[in-house]
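Shared chain: chain A. Partners: chain B in the first complex, chain C in the second.
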Partner chain A sequence: MMRLPWFEYRAPETLAEAAQILAGEGANAALIAGGTDLLPNMKRRQMAPRVLVSVRQIPELRRNGSVLGAGVTLTEIVHKPALPLGLRQAAAQVATVHLRNMGTIGGNLCLDTRCNYYNQNYEWRKAIDFCLKKDGDICWVATASKRCVAMSSTDCAPALLALGARVRLVSATGEREIALEDLYNNDGIDYLRRRPDEILTELSVPSAPSNYWKLRRRGAFDFPVLGVAAALIDGSARLALGAVASRPFLVDRANDFLRGKALSDEVIEEAGRLAASRAKPMDNADLDLYWRKDVSAAFVGYALRELRGDDMRETRRRITRYQPA
Partner chain B sequence: MKVIGKPRRRVDGRAKVTGLTRFADDVVLPRMLHMKMLRSPHPHALIESIDVSRAAAYAGVHLVLTGKDFPASFGILPITQDEYPLAPEHVRYIGDPVAAVVARDEQTACEALELIEVRYQPLDTISSPEEALAKPEPRLHAYSERGNIHRLQAFQFGDADAAIAQSDYVFEDLFFYEGNTHLPIEQHACVAALDADGKLTLWSSTQVPHYVHRALARVLQMPASQIRVIATPNGGGFGGKCDVCNHEMVAGKAAMMLGRPVKICLTREEVFYMHRGRHPVLMKFRTGVSKDGKLTGMHLQTLVDGGAYGSYGVASTFYTGALQTVTYELPRYQFEAARVFTNKPPCGPKRGHGTPQPRFGQEIQLDKIAERLGKDPAELRLGMLVKPNSLTANWLKIGSIGLEQCIRTVVERSDWKQRFRKMGPGRGLGLACGSYLCGAGLPIYWNKMPQSGVQMLLDRSGQITVFCGATEIGQGSDDVLAAIVAEVLGVDPQEVRCITGDTGITPVDLGSYSSRVTVMMGNAAIHAAEKLKAMLAEAAAEELEVVPDRLQFANGHVSFDARSLTFAEAVVLAEVKFGTLGAVGSYSPPRAPGRYKGAGVGPSPAYSYSACVVEAEVDAATGWIRIPKIWIAHDIGRTINPVLARGQVEGSVYMGLSEALMEEQVFRRLPAKLSRALVHKFPSLLEYKSITSLDMPEVDTVLIEDPDPNCPFGAKEVGQGPLLPVMPAVANAIYDAVGVRIDELPITPDKVMRALELKAAGKPARVGPEHFPAVPYPAPIVVPPPWEGGDGKEAKRDDAAAVV
Partner chain C sequence: MTRAEISLSVNGEPVEVTFAPYKTLLELLREDLALTGTKHGCELGECGACAVLIDGEPQLSCLLLALECAGRSVETVEGMAESWQSGAGLHPLQAAFADLGAAQCGYCTPGILLTAKALLAHEPEPSRERIQEAISGNLCRCTGYQQIVEAIEEGARRMADESHR
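== the complex of A and B ==
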């Protein structure tokens, strides 16, 4: 089997202690909660942090009330009816049941960006002389690009963006609460605005009618190649997209258009067109990238039609093989 | 019959579900060391130097081996001994092993690999068949037929071109079948160790312990009698463990040198590099059809991407044309094939071995023919079926053929007549058929010995032990062996102890490939069991004072009317009468009628047949494909254990559907000015897409029993045949649903969308290959078909078996 590199394991029991360790270790340390993203990446030597700081024992991250601790598992989210539907649908479609039992909401929000030139083992990456994201200096997806175009692959972030969630970041020197939108950079390498000494501790999630549509090849396992989240905020539909850029994002142009409008077929079609124009899939994930772009308007349509109350169960069954509980 | 045909728990079922089955990675021996192999990061290069000094000096490292430790080459076919355990000077694909480290544990071995310094001189890479045809240099193998063309084959069974030219209709279609890999859940693993008297034992997850045995003797240059190969139960094989593997040779050598056990377990990436999977094949079918819906002739050309080594490739290439004649009457047939070398992991046999690709093309073309002729595709096929007990144009002997019943069954159960072409937009049905061998007629290396041997031992406790070289790869061969012996001797299969796949103590069986085990091992087992039965009957008859022939062997008793002995009592009497009880049995397939060079590929003791109807839903807005249901009927001859047989059919449907919709072993070539890399696109179970249980439709399975006289109790194969009709039936169903032809695999939603856009633009609604390159096929071997006065020979010389 592939083996992990050596690392030091720390398991602080308080937030303050964890923050202290991060303050001392800086970029040499990585936080670990469920480990479902981090450990495979370490086995492939995409990263080899000297210290792993477990957050599993920190009480603040386990809060599961009106604020949501970052260490709450995806399975717990799926089974918490008080949470908005869009978030639960997103969590329910992450990976597989086993990985959802381990993986956490904080981990999913901080998920490393993905690219099929990067999510390969060391020997494979050596064969291509590495890439911009790790150990190399060329982006093989877009050879002229100065920027890494690895793709944001979190399902939960678009759902939370549409809802207007906020997150809390804590460090040894202080704490801040920011809009989730501000957690992300559109850069495959520097994709988070979380500083290395900060811990994402909790989320506040407004409640609203919402949904999430995931495009993936199979009914399980797969990361999204398109995520469309829709929420009804103050009477207006709001859209966020995932897996079509290095960050999940609110689709401003479509959202401006949607503001104050009833979701007629014409409005939905125009919103789909506007949102799809912002989808920039790259040839670094599953399925044909032009096709992925072509179907993004259809997926936006599904999300908005479901938001206005259409019965979309048959489409869900046929195209996403996912039936919300 | 008391056992055959009754649904039973498989004899090894308990061990599987309780976790007691000992797979290769479960073999742990005292003082065992661990091995890892260093693999080439270049798709094509010469090795200038290897410096292992730092790795050898690393703490915990016991041995470092390189190509210079292995002077002898190996290969599964005698005519392509083109691989070395570790490449001595020339690496031909990313993943070709160049060095190995044996260390105290796997982690240490991995760390030491990084200390080996290899200097390579990169060579240009050959990435595709087109490139291989155009560029004879740099040449991958000096022994190839010409340049980078590994092998060329051409046969003419009657003047097909003339027959096609005179036909009422001529159909010419190109098809492409992408390569894909086996995906056994168990990765390859082996342990090599010396026993107390210095002989070598290798436990390996292999389908072919006998061939591994031979290759080890050759590579290690030691007598085969000093080597024992034990095939551990495989966690799936599907053809991926049919080849002789580098790591088996290297582990054997290391154990010999160190005198300590050595284990290696491949990672999933390494299994993708080991490969030996489905060859990518480009095909051109030219077929003549008469107005009344009969085939007049077919001219098939194939171009086969072999990857970097020979493997089974010469046989695979023959198989891209050998079985086009066994389903529908074809009076004249011309077949030309070429296999090329490319700098990719070697292709080989995967479930269906070389035949699913042309079957895909043939069955789609038949769908097109039916539509043009205005005939129902099922009726068209029913009107041209091969007759039982007949010869084909290429001199294959057909025995039983249950295809008519298979077609009628799936047509009826799917309500085909009411629904085909009538389901409305976005929904459709597709039909296709297939056929497969029940074991290849000839062994891989030429010999006249049996292809399967069985030895049996009875002792006075009534214990029955059966020894056979056949290999349990999950398909249920131990269960088949126990069932057949139990049926003959009238006992419960759970009473039979099977000892299999061990070259040290079991008679030779060639291995679990080509769907040969039930027929060949089964016939050998009947042969042995009948001998023992006769001895038991003779002894029991004396005791019971009846004629031996009148005795019944059933339910653990030997009896005539009320007079009865337990099986164990009968054994005691026989042991008194005859001494220690044992018997051997063996099986050789009947000699095939074809006598031309190349006639060795295609003959089989029997052929299984399948028919399949697939229902498809296609979303017009996205091209998304959903398969709600599949009906399949398989002519199995006779079912030994319906639980396992249905499992094999459903497993075949699963694998076929996965190949139809998503599986592809594909490669990326990076821009030449930046890198020479030709890399596997995604050597991982996450990104190499195969369908999951959630994507699996309901499967309606019917087993059709048309017993074949060459087979044990009439039982034919079921492990591979049911895969064949699935892929073309999916393509035909998609056509019925949305009126577009996808003439290549996999059929993905983007291809459907592209075809729908073409259709909307008024262009031919088809996505598939547009061009078949010029291939320098040789002049064909001309063999008149049986009905044109032939005798199975080519005019020139009789060399039928020399090739495979």
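== the complex of A and C ==
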């Protein structure tokens, strides 16, 4: 039996009230929306916030029009045809039906980084004297590393990065809107540039032809061990990668090369090579490390060929299994 | 805050319950409401054994704070038979599971029954692929899923037949 640790529960009805609580509690408080990422972490004692601030009742987070509230569930995103296909494909491949009914887009963007040495119960982690990310001082994946290399595992972030989405962060002292790529640090511990007193309230998502390809062992449940997102922005293809670093990122070298180019077979192959050279998976997740790195060029190829209009349905069916209607 | 108190609907009945505030809905159902049909599996959202319907949609009770269920409608496997029109016997899905051998050890069965019920509420005649997708969050280590999928198809047929009678 894994009980949750004790916490004080607050359920503010307005954004201002929630921001006030965070301003007072700082890092002692955690926001809870769907709870599907936070509660397992609390059960395993990776986190034990003194105060849980539920955002379920805050109307701004439930907006589901041209602006997307951070509290919209992944199921709602899958079933909203007005949203770009790349985002819907990413949301449709997160976890399982049950977890998509609970988990929110804001939660998926803020998903804790993952690692085989971290996502374990307390006794398991204690037996290896813990790790850099929580309670220990060594990284068991790269023992010489000063930096935690836990992996970004969000599916929706690469899709939204390729599309050029922006997010709004609100605190008691003000608010700011930033490009989604500026939300992330390449650090397994300090992976978000959201301050502890800020609430991610909403996203603006440009429309564009787009897609998302996810590598995982099974057709459901699994976190990505590689995510490739592509979008066609102002006539040029743009790529983002997930699950190959501690942050999801736009692949600048490949995107510079792709700018203004038609997607010929040669261009796609070179973009795949450039993108794969930026993929730096670590041996802290499922599947063979070297194969995961090698296969990234092939996945970039799938994404770009689908973006130029090739019929990729058979390949997508084989790899993706389930997809939004 | 030593004890929390909420009102919610459980299997159509209004319930007021007092409980330790750190409890999940799974713990509330099993320990405070004595509804042990909802099974306690991995506790981390990786198996689907604890699935219940929240306002009609399948969710995992092990990852839902009981506190957040205030005012919501929860359906567990105990309420399934009553929820069917006749109310006299089993829900057609339950009967089909029994008749077709879709339950072996039975541990995953409550979660799958409820998940299937929610699917059929949206899609009375789902394709086999849609059934597989709907229950892809429910692990079964006995059956290999074949009988489960067939029982959901049979349950859907029986529900249609009984509704037209």
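To be clear about the criterion, the second predicted complex is superposed on the first by the 322 of 325 C-alpha atoms of A that agree within 3 Å, B and C clash if a C-alpha of one lies under 4 Å from a C-alpha of the other, contacts with A are read in each partner's own complex, and residues count from 1 in each chain.
Keep in mind that, in the parts below, a residue touches a chain if its C-beta (ideal position, glycine included) is under 8 Å from a C-beta of that chain, and two chains touch if they have at least 3 such contacts.
Treat the numbers as computed from the prediction; the structure is a model and nothing was measured.
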Touched partner set for A:M1, first chain B, second chain C, both or neither: both
First (chain B), second (chain C), both or neither touched by A:D129: first
First, second, both or neither for A:G35, with chain B first and chain C second: second
Partner chain(s) touched by A:K261 [first = chain B, second = chain C, both, neither]: neither
Partner chain in contact with A:D286 - chain B first, chain C second, else both or neither: first
Which superposed partner A:G219 touches (first chain B, second chain C, both, neither): both
Contacts of A:I319 with chain B and chain C, given as first, second, both or neither: first
Touched partner set for A:K80, first chain B, second chain C, both or neither: neither
Which superposed partner A:I138 touches (first chain B, second chain C, both, neither): first
Touching both chain B and chain C, residues of chain A: 1-3, 219-221, 321
In the complex with chain C, residue positions of chain A that touch it: 1-9, 11, 32, 35-36, 39-40, 43-44, 52, 54, 56, 75, 95-99, 101-102, 219-221, 321-322
Chain C residues within the chain A interface of the complex: 1, 4, 21-24, 27, 40, 43-46, 48, 51, 54, 57-60, 63-65, 67-68, 115, 133-134, 136-137
Chain A-facing residues of chain B, complex: 39, 41-42, 94, 106-107, 110, 265, 267, 269, 617, 619, 621-624, 626, 662, 670-671, 674-675, 677, 679-684, 686-687, 689, 691-692, 694-695, 748-750, 753
Interfacial residue positions of chain A with respect to chain B in the complex: 1-3, 116, 119-121, 123-124, 126-129, 138, 140, 143, 217-222, 286-288, 290-291, 294-295, 298, 318-319, 321
